[in-house]
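Note that the chains take the letters A, B, C and D in the order they are written out, and that residue 1 is the start of every chain.
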Amino acid sequence: MSIFQELTNRDRVFEFLTPAASPVDVRHGPILYLEDVNVSFDGFKAINNLNLTIDDGELRCIIGPNGAGKTTMMDIITGKTRPDTGSVWFGSRHNLLTMNEPDIATLGIGRKFQKPTVFEALTVFENLELAMATDKRILPTLTARLTGEHRDRIEEVLHLIGLAELRYREAGILSHGQKQWLEIGMLLMQKPRLLLVDEPVAGMTEQEMERTAELLTSLAGKQSVVVVEHDMGFVRSIARKVTVLHQGSVLAEGTMDQVSNDPKVIEVYLGEGA
Amino acid sequence: MVASTLNTSKPWLLRPFNERSTQLFLGILFGAVALVTLLHLVFPEGHALHVSAYTVTLLGKYLCYALLAVAVDLVWGFLGILSLGHGAFFALGGYAMGMYLMRQIGDRGVYGDPVLPDFMVFLNWQELPWFWHGFDMAWFAFAMVLLAPGLLALVFGFLAFRSRVTGVYLSIITQALTFALMLAFFRNEMGFGGNNGLTDFKDILGFDLRSDATRLGLFIATGIALAIGYVICRGIVLSKLGRVSVACRDAEARTRFIGYRVDRVQLFVFVVSAMLAGVAGALYVPQVGIINPSEFSPLFSIEVVVWVALGGRATLYGAVIGALLVNYAKTVFTGVMPDAWLFALGGLFVLVTVLLPKGIAGLLQRRKKAEDSDNVAGQEVTA
Amino acid sequence: MSISRSLTSLLLLCLLVLAPMAQAQSTDSEATALLQALADSSYAQKKDVIAEIAGSGDERARGWLEAFANGKLSRIEDSGQFVIVLSNRGRNWTVADALSGESLGEVSRRDLDSIRINNALRNELDGILSVIDLTVANPDTRLAAARDLRGEVDAPLAERIDGLLQTEDNSDVRAALTKALAIYQVEQGDVAAVAILDGSLNARARVALNGAAQSDDPELAAAAAQALKNIETKLKINSAAETLYFGLSLGSVLVLAAIGLAITFGVMGVINMAHGELIMLGAYTTWGMQQLLPGQPGLALILSIPAGFLVAALAGIAIERSVIQHLKGRPLETLLATFGVSLILQQLVRTVISPLNRTVITPEWMSGSLMVNEALSLTLNRLYVIGFALVVFAGLMLIMRKTRLGLEVRAVTQNRAMARSMGIKATRVDILTFGLGSGVAGLAGVALSQITNVGPNLGQSYIIDSFMVVVFGGVGNLWGTLVAGLSLGTINQVLEPWAGAVLAKIVVLVFIILFIQKRPRGLFPQKGRAAEG
Amino acid sequence: MTIKKHVTLGLSALALSISMQSMAAEDPIKVGILHSLSGTMAISESTLKDTMLMLIEKQNEAGGVLGRQLEPVVVDPASNWPLFAEKARELLEKEDVDVIFGNWTSVSRKSVLPVVEELNGLLFYPVQYEGEESSENVFYTGAAPNQQAIPAVDYLMNQIGVERWVLAGTDYVYPRTTNKILETYLKDHGVAADDIMINYTPFGHSNWQSIVADIKQFGSEGKKTAVVSTINGDANVPFYRELGNQGIEASDIPVVAFSVGEQELSGIDTGPLVGHLAAWNYFMSVDADANYDFIDAWVDYSGNEEAVTNDPMEAHYIGFNMWVEAVRKAGTPEVDAVKDAIIGVSVPNLTGGYATMMPNHHITKPVLIGEIQDNGQFSVVWETPSTVAGDAWSDFLPGSKDLISDWRKPLACGNYNVVSRSCGGAAEVAAE
């Protein structure tokens, strides 16, 4: 069977933490590499000569005022939007601009949306099941059976995201926070090499936030994580390196302290705030 | 949905059999078919309990419609694709069968031409058009019953889904498709008998279409076809692919981002559904004795959708209820109140859509939910 | 033909002879004798009798001949009295005595023998009457008469025309006569006359030239051939223009039918299968109006524009209130419910009014065609429809762009919740929008009543096309609908000549399907919320 | 709940079948009426239903047949062809009627045909049709092509001197066949191929601009031109409108129509149409007492002064009277007896003559050519000197010129091939 199943046959605790065996080649340098990317929606420049490099295993936070182009950037990486110019590389082998969303996803880039989107008509369990990294072509999907291993992995994640009790309830009835968690769970089931997380803690309680922070930090190292977040507190709690986007291009980059003292950044944020 | 987690260790096609609603459906379907057969055979003509050949054929026709409705529900209910052109697949299947039956007439046509069907003789065609060859062989014709609609669905679906045509736009071009086909088949140059279509069939597989026995046979065959079709659809729905379909229906983008080729999923299910519709058409033709372009009419396709909505979308058995109910109503009304039956039918559509948004099956939903949660409870213990 | 011609001319001669001496009218007995002859003789003989009557110089003759031409001349069976039928509707007809002209009141059809006429004779009469008309005072009548003579001229008539040309003062009539004469002359092989016909688009002229081109006189042949070539080029341009016109008029019909849908469907996202029936209501309103105002079809038509709008709008609002408002946010369910509504409306018309088509009269000023030149004439009713379509479109644009309602509609379309919170009464907007869309459908019906059947099936034949147009143009975009309608119409008409009507329609449908592949949101994709299935 | 539903369905099916048995009424003679009351064909067929009801009512007032009353059984096949077959079956099996009067379109007849033959019923078909059919159980009281099309063409050729022909029709089997026949016929009479223009349009075609323009063009070549129109129902109004507006008058290019009768005209503004022609076997304007009586009866029955009568109504009138005669003759409404008895029966038609049922189940009819008048009526301009017998198999089609139909014993064959001397078309010929 497919390489994924093989891996899953090995029985482990926190098995989802092992990096997916994606063919991505990171021997020389970064896992994600954006160069001179430009996108404009009828006239309005959403992304403007954006250059960004994410190293393998890095946890990167991206902040920036509304309309800075954060979400658009994610759209580009995941193949939803095609840039006008520029190049986007996943590792040194895969040119993402030549691929469509499913291929990119199978390649090992997972994404969590700003507005939590889960399959409301399906149960929590089924949501995770669908996300699970398996052969996702038609016939294998049709004939797919739920093995014990699969079940265990789903159970693990269920407990991790604290939805074990609700596993057979339809996702539609979950609270906003729970949906956030479920989506993160789905992300984990995909076992991606690179996680793009868009505002993970919106609508979460303090404790939930902390748990999210733990989770994300624990993921970093094995997987690369890019977090877009408005909540500065949260960012500070997890951030090692922070990138500030403004008007579609990088305004500043560095540790939280560096950027938060950067006059340009302050100016922008005050400008925004005022 | 929930019940699907119970038996996902079984092969997909066997799963429906563990499901209560399917068991019930099959039980009642076979029960009814057997009952009708019995009443038809056991009791003599004129006996109060005798089921006449007329009724048998009528019920057979209903079952064909039911199968068509199931096919539509598969794509609409679970994939979110509202096809206003499923009549096209139904009719194509019908024509494939019709062509076979025409060839079976042989030289018993009014002109006694051994090869050419009557309508070709009197519009003096010289020889058989190429696409009519092979239909004298049953296996070929029956293969075509599946392939013709399947192929059309494949090509059409491939184009449409690849370029992500969705929603109303998809519905309208499916309508355009069936409308175009209707006009095409009306043209006598096409060689499908134009408006008169294909008719005056004599026998099928050597059995005389006029004998009650053949009628009964066709009726039973239709019953079995419906059962198989239902199980296949149910199997798909309960399989992981079925859940992916629902995912496509509710959040297409999200499904892509977790790595599924939405367009392929849609294409696969669409083609399967089209083939089922084809089979329904093929069984329909020998029982009503005629196939003509009016089956391609967009209004017919819309009506099928109405059956499904009426019975209850995304339940499959709802589609069956809807089809049977509406058509039975039609038969009764057109006889009892010829001048006013359209009021009744139209009123029925309006009332059900407004008052029963989930259709008739919706009435059963709450009850069903309860059952399911019991199952879940029981299942959690065993897990 | 030739027989009739020589007859005509023979008759003309006697007219010439008899006309001057203002002759006292023939006695009734003579007249009756003539009419008897007319009644009892065979068609062949009738011709001579007509000639006689015309020649009789009796000033009642013309009245008889006209009545005869219109099949209004008949005889009362038992009395044998000749009468002219004044009204021929129903089972009893009102008649007047043919001789004395006094009214005889109503007579049962049973007792009347109408004196038979057929096309051949009618031609004969037209010829005679037109020749007579050549000498009447009214120049228009003369012009018409002169035009009718084209290709009908023969030797004696030619002389007569020569004579007339001396006295004729109206230039148009002169031109027409000269041309008529020239055709004759060319037929006779007169080279000089070819020049006159050069560039003429008249069919008979072309026939004459064709004949001449075949002639063995090289000079004549050459001249004729040249003349024909010029004509051909002219014709090509004209036929191109004609096709374009056909396309536009078909397009404008599509636009009219679809524009209402573009509002209810495009703006509100309601898939209204009863749209066709709303069109039908508009058409029936026109019919109703004409019933209310017998004898004034024109006025009725104009009045039925507002009336049709109101009727359809009210019907639409009724549908919205009773059905659609319960289906908010379930566009596909609206399809099902309105499908039911359309069934009901159809059968309603069948039972209440009649399953038969209704007669809607085309007023004078809308029938016939506007003659640009002899090869290109624009049919008036379609010309009006094109204009009407554009006016309606412009009106809608104004409403949408310039009025409060339009603003609110667009607001609700963009974001219902937000619009609500800003104090816009969404329900009120819905009612008005749907009313507007339905009303426009009614207008379409009024226009269609001048082009096609007014019957219970009127709606069905347009609903699908309407959806095609709206989707092709891009849901929720009025400009899209306009462009889509006109372009689809034109494509269809361009294809039709070489593909045939059926194939053309099929090609257009396939084209739409493929086009949607390329642009899944139609010609002008709508920004923001698109009507989603 | 689910169970209930299925059970109810099962029961309803059962109920249906039971009800069928219990409804075999004994005393009255049941007459089935199979005309669409809804859908696209209602426009033409619903009046035929009323005609039948009127005829039956009159017959009952006159004491019925064989002392038994007639009971009409009306069903609505809703212009849906498979439904026609189903309803025919319902009439014959469930209602067991003794005779059916119905159908309009060819396709509906074709769909009913197998049922009527299988259950050995009687069907009277009142509409002019393409011929090429002769069923033991069907009686064709409408015109066959040789009773309408060919005489009309003769008239145009001989009386009007038409040299160029436009054969315009709706694209279905009746026009196709008729035009095939006419084409052969015209060519046999020395009309050149390029003097014939054939054009087909879809049902309910409403945009005639370019076609009428073509006709205009075609007719402007100097030769006298006529249009032979087999255009069906709804498409006619826009067609004639376009003719009128493009200034084509009857005196220039006459149109002779085979499917436009008084009823269709009642939906058209006839002003511009005066002088255009139609060929039928009956016109409302025909000067015959039988006709006037029928019109009076119809006007009274429908309670509408403006009500019109037309050719298919006459066909039903004839068919019904023939059936009544035959039942009297046979002394029973029993199908086989009536089938034999009816051949040779002749009853008065509405044009002052008699119609006789021929052995090929077609009847004799006069052929009338009428010109449209401004009052929506036709004035008869020509008629065949004597009545014409309907010809089931056209002599102008290669496939059928050798076929004849004669349902009298001993031949009793609908498609006897005079060459191969065998019943069943060209069977032997083919076998050789």
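Rule of thumb we're sticking to: a residue touches a chain if its C-beta (ideal position, glycine included) is under 8 Å from a C-beta of that chain, and two chains touch if they have at least 3 such contacts.
Bear in mind that the values here come from a model prediction, so they are computed numbers and not experimental data.
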Innermost chain, where centres are averages of C-alpha coordinates: B
Between C-D and A-B, the pair joined by more C-beta contacts: C-D
Approximate Å spacing (C-alpha centroids) for the pair chain A, chain B: 43
Separation of mean Cα positions, chain D and chain C [Å, integer]: 30
Centroid spacing, where centroids are CA-atom means, of chain A and chain D in whole angstrom: 74
For chain B paired with chain D, centre-to-centre distance based on mean C-alpha positions, whole Å: 35
Shared interface positions of chain D, touching two or more other chains: 37-38, 171, 200, 202
In chain C, residues with contacts to at least two other chains: 346-347, 460, 502, 505
Touching pairs - complete list by chain label: A-B, B-C, B-D, C-D
Chain D residues touching chain B - in the complex, by the definition given at the top: 1-3, 5-7, 9-10, 12-14, 16-18, 20-22, 24, 37-38, 74-78, 80-83, 85-87, 89-90, 93-94, 105-107, 110-111, 113-115, 118, 132-133, 171-173, 176-177, 180, 200, 202-203, 397-400, 403, 414-415, 417, 424-427, 429-431
Chain B residues within the chain A interface of the complex: 1-2, 4-5, 8-12, 236, 239-241, 243-244, 246-247, 249-251, 253-262, 264-265, 268, 376, 380, 383
Residues on chain B engaged by chain C in the complex (per definition of touch): 80, 82, 156, 159-160, 162-173, 175-177, 179-180, 183-184, 186-187, 298-299, 302-303, 305-306, 309-310, 339-340, 342-343, 345-350, 353-354, 357
For the chain B and chain D complex, residues of the former touching the latter: 21, 24-25, 28-29, 31-32, 35-36, 39, 46-55, 57-59, 61, 107-114, 118-119, 121-124, 183, 186-188, 194-197, 199-201, 210, 288-290, 292, 294, 317, 321, 324, 328, 330-331, 334-335, 338-339, 341-342, 360, 363-364, 367
Residues of chain D that touch chain C when the two form their complex: 37-38, 40, 42-43, 46-47, 159-161, 171, 199-202, 204-207, 209-211, 213-214, 220-222, 224, 234, 237-238, 241-242, 244-247, 250-251, 254, 263-264, 266-269, 271-272, 274-275, 277, 287, 289, 292, 295-296, 299, 305-306, 371, 373-375, 377, 379-382
